[in-house]
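One chain, chain A, appears in both complexes that follow, with chain B as partner in the first and chain C in the second.
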Partner chain A sequence: MSGFLVKKLLSALTIVVGVTFITFCLFHIVGGDPALHYAGKNASPEVVQSLRHELGLDKPVVTQYFIFLSQAFTWDWGTSWSNHRQVTQLLNDHIGASLTLTLPAYTLSVVLAVLISLAAALRKDTFVDRGLLHLCFILMSISFVVYVVFAQKIFAFDLNWFPVYGWDTSWIYRWSYILLPCFIYSLAHLPPKVLLFRAALLQELEKDYVRTAQAKGLSTYTIYSIHILKNASLPIVTLVMSQLPTLITGSVLLEAYFGIPGLGGLLLNSIQSSDLPVIKALTVVGSLFYIVVQLAHDLIAAFLDRRWELT
Partner chain B sequence: MSSLWLVFFFTLSAMLLPSCVPQQRRADNTMYSYVREHIHSLDPIHSHDLFSHQMAAQVYEGLYHFAYLKRPLEVEPLLAETLPQISADGLTYTIPLKKNIYFHDHPSFPQGKGRLFVADDFIYSLKRLADPKNRSESFWVIENKIAGLDTWRTQGAHYDQNISGLIALDSHTLQIRLTKPNFQFVQSLTMAATYVVPHEAVEYYAAEFGTRAVGTGAFLLQQWLPGSQLIFVKNPHYTSLTYPQEGTAKDETLGLLKNKGQTLPFIDRVVVYEIPEAQPQYLLFVKGEIDLLMPQKDYQDAFIEHGQLREKLHEQALLLELPPGLDVTYIGLNNDNPFLKNKKIRQAFSLAFDRPFIVGQYYNYLAQPAHGPIPPGIDGYDSQRHTEFSSFDITKAKKMLAEAGYPEGRGLPEFHYEIPSTHANARQLAEFFKQQLQQLGVRVRLNANTWPQFNDKVKKGKADIFDYAWNADYPDAENFFQLLYSKNRSPGPNAVSFNNKKFDELYEKALTLPPGPVRTQLYGTMELLVMEECPWIFGVHRLRPLIKHAWLLNHKYEIMIPDNIKYLRIDQNLRASWKGLNP
Partner chain C sequence: MKIKIFSFIVGVYFLIALLVQCGWLSDSASPERIVSYLPPSPEYWLGTDFLGRSVLVRALQSTRVAVAVGLISTLIAVTVGTCLGAFAGYLRGWVDAVVVWLFTTLDSIPYILLLGAFAFALGQGLQNIFIALGLTSWTTLCRLVRTEFIKLQEAEFVIAAEAQGLRRWKIIFAHILPNVMHIILIQAGVIFVSSIKIEVILSYLGLGMEPGSASWGLMIDDAKQEITRGFWWNMIAATIFMFGLVYSVQILLEEWRKKRTPSS
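Right after this comes the complex of A and B.
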């Protein structure tokens, strides 16, 4: 176990260094000159140069990279170049809104996907199964923006079931603003999960132990809910956990259309305005979250399947 | 099983019930508005974009602002008592300040009571703007203009050191000494960067000051949820201004002078949503949940037909305003490029550009063709001013190109046209321009860039051809001409590196002239010269269509007047009855 943890720690370090390096290089290739952007449209060359100094952009590139690395380890990202607030404060302010949207929405989509895929697998090759498959393919071919635009127009505007736009600091009112975006997110993320979960369940269905259980006279409900679902849970958990890191950055489109002050909008703004401190912090947060989720996945997988080795 | 359904039903009801509540909260004296970009900061020295400026202007005030109803725009005192007394050499400005202005009540002041605004507050605010540690995007507003300020900045920006050009003669009299005469300086003092902030609040909030706001303005910031919405409430002690006594003749007819002389503001509460997408803006407006809308291109057709409000919308109590945008769009031609340096090639390109087609096709007739840099509404603009290169004439364009030594475009390289990839309109216009030049035999390659890349190429003079627009910082033609002054070449605002000795001389002369007929005439001469030289292909001057519900009273939109909310009123009965008819 300790060997596993040491190995994971080393792998985490490699990932963080790799991510910081790629982010840094990409920013210097496509990020433009932030000093020109932030000096203002009428700034003189002297002011641009002075700002370059203030932002630390006149330091050698290698030094700038090591400052970035040290920030990742000390968790001091300095102030945003765009809105001049402490980056850690910005993350704190926005991460809650992102997770308020994505966590329940993702959970809902996983629960629904398991139920629907079970229903499809139980009725394999029937009208219901084929209908669900076709519906999934149709839903997957629709762009996410179409879901957002139509759902907002129909459910919030035409039917008046939800507010069109807004947010509230109060949790009681916030739910009213979150419900529709949550449903949209769940629905749009449902079809690929259903297909994958169904495939995993059907794979298990072909195995000998299912035939044995059927021969022993166990009910279909018991076979599916206890045996098949348990054995198929490993690929399901793998898929679910592989998507977890994306939850933290929220959903740029949903945030923009519904007024949710999450990290997605913050990330988009920071890219558009060359706000390197925020970009750096968000990429490192994303990679750390990925590392933690991978670790959790390995532990859960070992619990679910004893053949899984923690090496 | 039935009990499970009951639990499900009650849970769902409990979740959906609150969705009705926000709409019930709309029957009060509250204005609902929006901005179409996220607000970066409410700190005046960082409120450099249009929308942050608008929000900061509800809370903060400067020494001057533009009169709400007068057109052409006219500077009038806000925190200042009168317009400045300017010395004969044009260098010393003496400004008496109003003596009864208090900052908002706030815990940063002793006993939480807002203190009296004094001359030192303005000096402190300008020092903050100049302090390099604050990294203001707007330092250019005062750069090289005030005696001693730039030296103070480079020598460490110590706040306890005095600046020779910024003196408080007494608690309510300021003296500003300029480095050279500058007749645009008073207009600079209307800009957000020079708004007055109290040092107590800046120190109290430190790095978070940009998310709070403590000023002398008509509204207090109650709440800001960055990325979502801002809520302002009425400042009950507001005394800086009353409703204007004068306006244009049309204002009288439109009922804009009914409240003259009355205490401001009229509205108790203002909710401003940050809505970057066009659809929610449109839906909220049609539902009556925001009071006005500046429809984005895809939604303009729903309201406007050939520059008029659609007939059926009059019945829905909607009104249209079409103020000029005080801007110019243009295609920049980099004068450092060995081919684009050739005036005849630039003139040929200008002749190949069909502006009236652009106005109809890309702007829904909500713009007018630009023949020069000065937009309508600014002194020096003349709609009759034309040169032979202002019109669309492909035959003549081909002739010019042949005269330049490149008949049918032979011998010319493929030009690179830089566009920001996020702007759909810029992409469409670039495609159109490419097709137009193909008629001359000129090849153009479109390069899509991220916004930072695009900005970088333009500012560093690396773009041969690029699409750009300039919105006035202050309503003076000088603000447009400075974009062509050779000493402002890249990385300064002269992104095309235009270099014309005669133009430079005229520009320098114009800077020394006070507003008046002589300067206006000089601006005309300068514009003609630029129209002849074609450093840009002039595009259009845009209008800013604004649709409002009839319950929003006293509204007269002008981009240069960001502090307009204090003049507005809501006819609550009309809004309630409209809501009854359009639930």
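Right after this comes the complex of A and C.
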């Protein structure tokens, strides 16, 4: 077990280095001169030169990379270019808003997806199952953007059930702003999950133990709720764990559209204003969360099933 | 029957895209009579937008961007994913270690952040969308191909080919690859659909096509203000045109999948 732990930790470390390396290459080499990006097309060469010096972009590339790498390990991301605030402070200010939207929304969509996929798998190849399957395909063929625009138009503008746009600093009044984005998020993310969970359930359905249970005379309901759901839970848990880190970065579209001051909106703003330190920090922070969650998943899986250590 | 109908629809989209690429519909603007926000009428079937352009023509022109993004990004992703997966799975050793490290690293960056980073570094425009989407969506395919190659490495026909002293690249591409093709094709369809959907979102966010070009995402972006004033046709047109293509490809994929595994 300890050997497994060390192996996983080491590989996580190489991935952290890889993430910072790819991020750095993208912004400093593929993207061209960051100072030019920031100064805009019409800046004079002198302005660009002074900016380059001011932002520390005139140091050798290798030095800049190691500064960036040390930032990732010390969690001090420097200052934002556009408003000169500490990036760490910016992240702390925005993460709460993202999570208040994504956590309830994601939980709702997972619970609904499990229930709906169970209902579909229970009635495999019937009218209900096929209908649900096609509904999923239909819903998946409409852009997420369209859901956001239409839902705001109908439920906020026309019916006045929800506020159109905005945010409240107090937790108590915030929920009214959260509700509509939350519903949109969970409904739009529902169909792919239903398809995946249904496939996982149906795969279990063909196994021998199901036939044994049926031969023993157990009711369909017992077989599904106890035997199949338990065995199909591993792929479901794996999927949920792999998507957890995306909750931290929030939903770019929803946050921008409903005025929620979360990390997704921050990402879009910093891309539009070429605020490199913020984009780099967000990319690495998002990946670090992913790596940590993945590590936790591997350890939990190895704890539950020792065979996992062989992978 | 189902396959025929939906293949026909996809074919029509491809044909429209090809015709637009060849210059069809390009001279449709009639600057002498510009009327903004005309509702659908016999003359303008889907009305006009804020610049008085026919919404139907815009939606048709946007097909070019969607099909091009779908095809070329998929081509890039499939080429990269298949080659890396094949080399890693067949050669193993340090090649395998590097490829596995590469796709684990890319997968660790949440997709929207990776895409945002690419879109930012490369800038707007069709070619940059191809590159950004192509280089970010190959990892799943690469994983699958690598696993299959590891499995097939021990198959008898591969051992026979090795015993004959065939070259490595010939064993990889002529002997093993055809046996993995069904996985690659299905995955290519998945990448095709997701590329089209992501282009719409990127364009909407201002990270995709340049403003002024024809793209469903840009049409929806225009329409988000109009719709509160009751001008719904821009939005509906973009949604329905995108729906037709994405839905058809998804149904085709599902049918192919059913053929491979009849039980599900």
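Some notes on this structure:
In this text, the second predicted complex is superposed on the first by the 280 of 311 C-alpha atoms of A that agree within 3 Å, B and C clash if a C-alpha of one lies under 4 Å from a C-alpha of the other, contacts with A are read in each partner's own complex, and residues count from 1 in each chain.
Here is the rule we use: a contact is a pair of C-beta atoms (placed from the backbone, for glycine too) under 8 Å apart; a residue touches a chain by one contact, two chains touch by 3 or more.
It should be emphasised that the depicted structure is a prediction, and the values quoted were computed from it without experimental measurement.
Of the two partner chains placed around the shared chain by superposition, chain C is the only one that A:T249 touches, whereas chain B remains out of contact. In the superposed model, A:Q203 makes contact with chain C only, not with chain B. Contacts of A:V30 after superposition: both chain B and chain C are touched. When both complexes are overlaid on chain A, the residue A:K153 reaches chain B and chain C alike. Ranked by how many residues of chain A each touches, chain B and chain C are led by B. In the overlay built on the shared chain, the residue A:L267 is in contact with chain C alone; chain B does not reach it.
Judged by the touch definition given at the top, the superposed model places A:S2 against neither chain B nor chain C. Of the two partner chains placed by the overlay, only chain B lies in contact with A:F162; chain C stays clear of it. By the touch criterion defined above, A:S44 reaches chain B but does not reach chain C.
When both complexes are aligned on chain A by C-alpha atoms, chain A residues 30-32, 149, 153, 157, 256, 271-272, 274 touch chain B in the first and chain C in the second.
Of all residues in chain A, only 30-34, 36-45, 47-48, 50-51, 54-55, 79, 81-86, 89, 93-94, 97, 149, 152-153, 156-157, 160-169, 172-173, 175-177, 179, 255-262, 265-266, 269, 271-274 touch chain B in the complex they form.
Put simply, chain C touches chain A in their complex at residues 101-102, 104-106, 108-114, 116-122, 197, 200-201, 204-207, 216-217, 220, 223-224, 227-228, 235, 239, 242-243, 246-247, 250-251, 254, 263-264. Within the complex formed with chain C, the residues of chain A that make contact are 11, 14-15, 18-19, 22-23, 26-27, 30-32, 137-138, 140-146, 149-150, 153, 157, 199, 202-203, 206, 245-246, 249, 252-253, 256, 264, 267-268, 271-272, 274, 279, 282-283, 286-287, 290-291, 294.
Chain B contributes residues 15-23, 38, 40-41, 43, 46, 48, 132-140, 143-144, 207-208, 210-211, 223, 225-229, 273-277, 279-280, 283-284, 286-287, 289, 422, 450-456, 459-460, 473, 482, 488, 491-493, 583 to its touches with chain A in the complex.
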